[in-house]
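Notes to accompany the following structure.
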Amino acid sequence: MAVKTFLEAIREGLRQEMARDARVIIYGEDVAVRGGVFRVTEGLLAEFGADRVIDSPLAEAAIVGTAVGAAVNGLRPVPEIQFADFIFPAFNQIVQEAARMRYRSNNDFEVPIVIRAPFGGGVRGGLYHSQSVEAFFAHVPGMSVVIPSTPYDAKGLLAAAIDQPDPVLFLEHKALYRSIRGEVPDERYLIQLGKAERKREGTDVTVICYGLMVGFALKAAETLANEGISLEVVDLRSIRPLDREAIVESVRKTGKVMVVHEDNKTGGFGAEISAVIAEEALFYLDAPIVRLTGLDVPAMGFSPPLEHAFMVTAEKITEAARELARF
Amino acid sequence: MAVKTFLEAIREGLRQEMARDARVIIYGEDVAVRGGVFRVTEGLLAEFGADRVIDSPLAEAAIVGTAVGAAVNGLRPVPEIQFADFIFPAFNQIVQEAARMRYRSNNDFEVPIVIRAPFGGGVRGGLYHSQSVEAFFAHVPGMSVVIPSTPYDAKGLLAAAIDQPDPVLFLEHKALYRSIRGEVPDERYLIQLGKAERKREGTDVTVICYGLMVGFALKAAETLANEGISLEVVDLRSIRPLDREAIVESVRKTGKVMVVHEDNKTGGFGAEISAVIAEEALFYLDAPIVRLTGLDVPAMGFSPPLEHAFMVTAEKITEAARELARF
Amino acid sequence: MWASVLRDTLSGKDFRPVQATGERYRQENRKGRFGLPESGLTPELMKDMYYVMALSRALDDRLWVLNRQGRGPTVYSSNGHEATQVGSAFALRRGEDWIVPYYRDMTLVLAWGMTPREVMLHFFAKAEDPNSGGRQMMAHWGSRRLHMLSTGAVVATQNAHAAGLALASKILKDGRVSACFFGDGSASQGEFHEALNFAAVNKLPVIFFNENNGYAISVPLNKQTVVQDISARAAAYGVPGIMVDGNDPVKVYEVTKAAADRARRGEGPTLIEAKTYRFVPHSSDDDDRVYRSREEVQEQKKHDPLITFAERLLKDKILTEAEKTEMAAKIKQVVDDATNYADKAAMPDPATIGQYVYGGALA
Amino acid sequence: MWASVLRDTLSGKDFRPVQATGERYRQENRKGRFGLPESGLTPELMKDMYYVMALSRALDDRLWVLNRQGRGPTVYSSNGHEATQVGSAFALRRGEDWIVPYYRDMTLVLAWGMTPREVMLHFFAKAEDPNSGGRQMMAHWGSRRLHMLSTGAVVATQNAHAAGLALASKILKDGRVSACFFGDGSASQGEFHEALNFAAVNKLPVIFFNENNGYAISVPLNKQTVVQDISARAAAYGVPGIMVDGNDPVKVYEVTKAAADRARRGEGPTLIEAKTYRFVPHSSDDDDRVYRSREEVQEQKKHDPLITFAERLLKDKILTEAEKTEMAAKIKQVVDDATNYADKAAMPDPATIGQYVYGGALA
């Protein structure tokens, strides 16, 4: 057991999976010699060689498309998309090819790939280096979408994602990379996809969230505890598969729900969470379901005032949760 | 005023817009000489010439990407994507470029394009000629997504879409093209985007829907009327902008809501409708919000039993609405 | 070994992939006898080639009849492309190498080991359809057993898949070659270029096989691109670009064989362009009279590979008229059998609709 | 006319697009004097070119200082690309033709009429930033006034935009040429090919201008593609592919002028590849020592266009030492002015965050 940053936990997870399974390869733009623009894959080229850690041409559709083929022919590719904002040229390969392969072939083929992509804002990335893209992919049957919030979860979820014989989008919030640390076991462990974790127990308001927002919600819970308001924080960890039971269970207890994400509101994944509750736990609700999310503008601005106005923060969660508790 | 099919109404709308505004051009695969694979653009090449009705190379990203540039430099392109299932190679150009252009340039540039795409199933199209793609685009600030259900609406919405100085995705359900007819005024008229229409008044259950589903819902309403169950059918007509008022107003009246679409359930646009209701009209609800949608499988199968098992039909709506009314 | 095609396609029985057949080819080769280089093509194999071509044409004719009678859904034909497809398939190691077919490729998949029954099961979208269990529209081929990767409908995606298959082969050193097939229209997609470039940089054992029939549905090649030879694109990537007469199955065989050998030697990808023609509309939903003259089609039919190859085999005494007649009778029987078998086969159970979205822990 | 760059950039005052300047160029041209073809380049213009290059370098240096002092955000440099960018900009009709710049193109946008104040306002993301009102990260240029299309960060999307601008020009017969700029890495994107092909088929008045600096962040060109000349891709599309020394602004000017003339004559697109080098890391967040040696960078700096072009102008007596010194002083003043102006300028009002998502009826 060692204390690691979020980034180190991911690197350690990759290293461990590559060491135990020769089929795991890594590729993408700048991942080999440079070790990735965020340094996540640093050292892997030296350890595993140029056959398994590959600097690819600048072409996302080819990165994912070749990963599909390589997976079919026996490898377990873990391609990296340099920023989630640049995943869209590969959208067709992910949504139409990777995610539909098993179904369309009636189970003849499977595509075990894990697409890693740094996402999210609050890091002065502006419109094209801050986006949250999870909702697009969580809508796609055949896909899994994993979004860890702690170093421990990151490593365990990554191992489970690589273990899963279907495409997984593994989203790493950039603002977490070096900002949080936590205990991470040295040995390999798997955290099952589709299992939420109650990161804090509470009784007044349920906050449903994932990724960077989890830490913010916990901070808000801390603040509000002093005011006698008790928040329950549910970290989804993966949004597809979605842990409906965990959501419904918490709603039944608190009767008040706030869904928090950084992505745009309309059609964001928060809508699905609301819909699940409206389907399965409607009569336990004591207040309208609140969605606290990024604004419905194309993406967050680069200028600090614009970025701040867009981002969901611990303060905004605190405020909204306080109001909801008083409803 | 003449009776026209859905397809004829769209063709007439295109013809009229092209005749009144020389900036309107049409292009895409097989749209000129062939008049489109569904014959929507038939006759336009002869009438407007090869400069304005262009057979393009087989490259969706280039079709949309060049439309963006052409729009900036003074045209009003109406590109066609041959089937909505093939829009994904252009996903980046639509979502990241067309839809963000006004915002990222602080209003310096605008992209008035209307992307027409046939979509939807029940026509033996199988996995790749039946898809519903609206949810992906309705999540994108800067986009409009229009889905008409009648010949009258199709023509009026098309004119409004071409009038709108931002990108519009205009989705035409293939099963409607030749199956429905209706009165269509000869003169030009605009139906404002973002205005739902109550296609039938009722008191027991609100069915919120769009496109092909509207006719199915009306049929269900007819059937259930005989059983003394009164359905209100709200046709959204555009899902972005979304007519929240119309939704909330109807929910307040009936207290029971069923959201119907053909697209996959999880993360489908129905989730957003549920979420809006859970936010704005929760305490008017007398029953959980029902989503009757396509299943959470990659897309509908080609074989008739599989297609039928996937598709939402008038019968399935009738059944689910009956059950909801009895709740 | 290829004589087994005859048996397989007749019986519809399970096909067992045969490993490494190159040695066998070399042994059977009779250099110079037919003016061929040492490509491994024997008279026996050429007869098999012709058989598959004739079988494919007959099967295709039947599909159109079924469609026109309202008994079958949309048809996508390889009608006209038979030589191209049979020539390339025979040059690869069936069941060991990977092919990633195009929807135009019924002849290819027959040559690769799919039986007429299986094709018909796919056409009728029956539960037994080995390509997709009736889930996909006709001509979306795929079979793990045959090493034929499943394809969707979005054109040119298969090019990256083939490069990826080859990437794994290179890393795993499994000696396999991957070949993807695509049309002239598909070459306008950016992914074709991305895949070719990716394969070139990594020297992957892959063949990009372009079937240039001059049209993408209604759009003629001169509206699709300026340079009418798709193979010209190869030079920009440092890859050999080879043009071949797609009506000559032997020439197609030779260039494909050379490309496969090159790939197996670790020298990287090859782009092959076979000039061909489609004699029928794009699909049974299309009407090609709108966009091309009957004269043009008639002119092209003079080079119908089915006729010209038969003539050549007869002339070279590889095939006799009697054999040809016998073959035709066999083919009719096979096509009837396939039609009847598939017609009677069960539809997919709607209860299976939710199956195979996920595997592993999420299944 | 280009002398106005000097005034504009000094004063920061509004730039008025000048229509059709070709005639003027032709009048001022002194054929043969500098061994140039009849390209329209005058000593006066060459001096202006040098001024913009020197201005850009100085401004860039300042950006790095601001970043390293923690006073400014991420820098994207044109450092090393000055000759390439100034040469191409000067060959087009400023404010009338369209450019679609790359993030690497600060020199280009300065040459195109953006003032140092405007660049600094953009860098500091202030409300007055004419590119995006502080919404975009540095180097996402755009200005309707200047006919410079706004760009995002996803590389190679701008190529299709340029083809589209040119499609409108062809249909509207507005006489404009559009030029997009992109890197060697970007050429691996499928959209580069799609756009080139689309433009070629439709004979569009567009220039695809590749700035080949041999790296895409850390990835060297030989891992990006096999053929090291991006211009080689043109042949496949029936388009001229021209390679030019990107360190020589006059040569770049000439080939760009020729391409623009060709476009205006209705003969279609041209792909230009300027070989250049970036002397600094990819951005201020990058550390280029990981992927290229200091020796390599030093070697390349021997061809620093800022130095070699100054030497040439001095030798040809187009520029005097005194003028050069005066220019440097002016530039310092301009850069100080821009920095101070932008530093003091207001941040965007957060209340404006919801503005300009839609226009028209939906605004």
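For reference, chains read A, B, C and D in written order, and residue numbers begin at 1 within each chain.
Going forward, a contact is a pair of C-beta atoms (placed from the backbone, for glycine too) under 8 Å apart; a residue touches a chain by one contact, two chains touch by 3 or more.
In this text, all values refer to a predicted model and were calculated from it rather than measured experimentally.
Using the mean of the Cα atoms as each chain's centre, the chain most removed from chain D is C.
Counting C-beta pairs in contact across A-D and across A-C shows that the higher total falls to A-C. Chain centres here are Cα means. That of chain A falls 38 Å from that of chain D. Between chain C and chain D, the centres computed from C-alpha atoms are 48 Å apart. Put simply, the C-alpha centre of chain B and that of chain D have 41 angstrom between them.
Listed for chain A are residues 57, 59, 61-62, 85, 88-89, 92, 96, 100, 103-104, 127-128, 141-142, 296-298, each touching two or more other chains. Counting partners per residue, chain D has 132, 135-136, 140, 152, 154, 188-191, 194, 197, 201, 223-225, 357 as the residues that reach two or more other chains.
The touching residues of chain B, when paired with chain D in their complex, are 25, 51-52, 54, 56-57, 59, 61-62, 64-75, 77, 92-93, 96-97, 100-110, 141-142, 144, 160, 163-166, 192-194, 241. Taken in their complex, chain B has these residues touching chain A: 61, 85, 88-89, 91-92, 95-96, 99-100, 103-104, 127-128, 135-136, 138-142, 240, 242, 264, 266-272, 274-275, 277-280, 282-283, 285, 287-291, 296-299. Looking at the complex, you find that chain D touches chain A at residues 73-74, 125-127, 132, 134-138, 140, 152-155, 185-186, 188-191, 216-219, 223-225, 285-286, 290-291, 347-350, 352-354, 357.
Residues 188-194, 197, 200-201, 223-227, 232-233, 235-239 of chain C are the ones touching chain D in the complex.
Across the complex, chain A meets chain D through its residues 29-30, 33-35, 37, 55, 57-59, 61-62, 85-86, 88-89, 124-129, 295-298, 301-306, 308-310.
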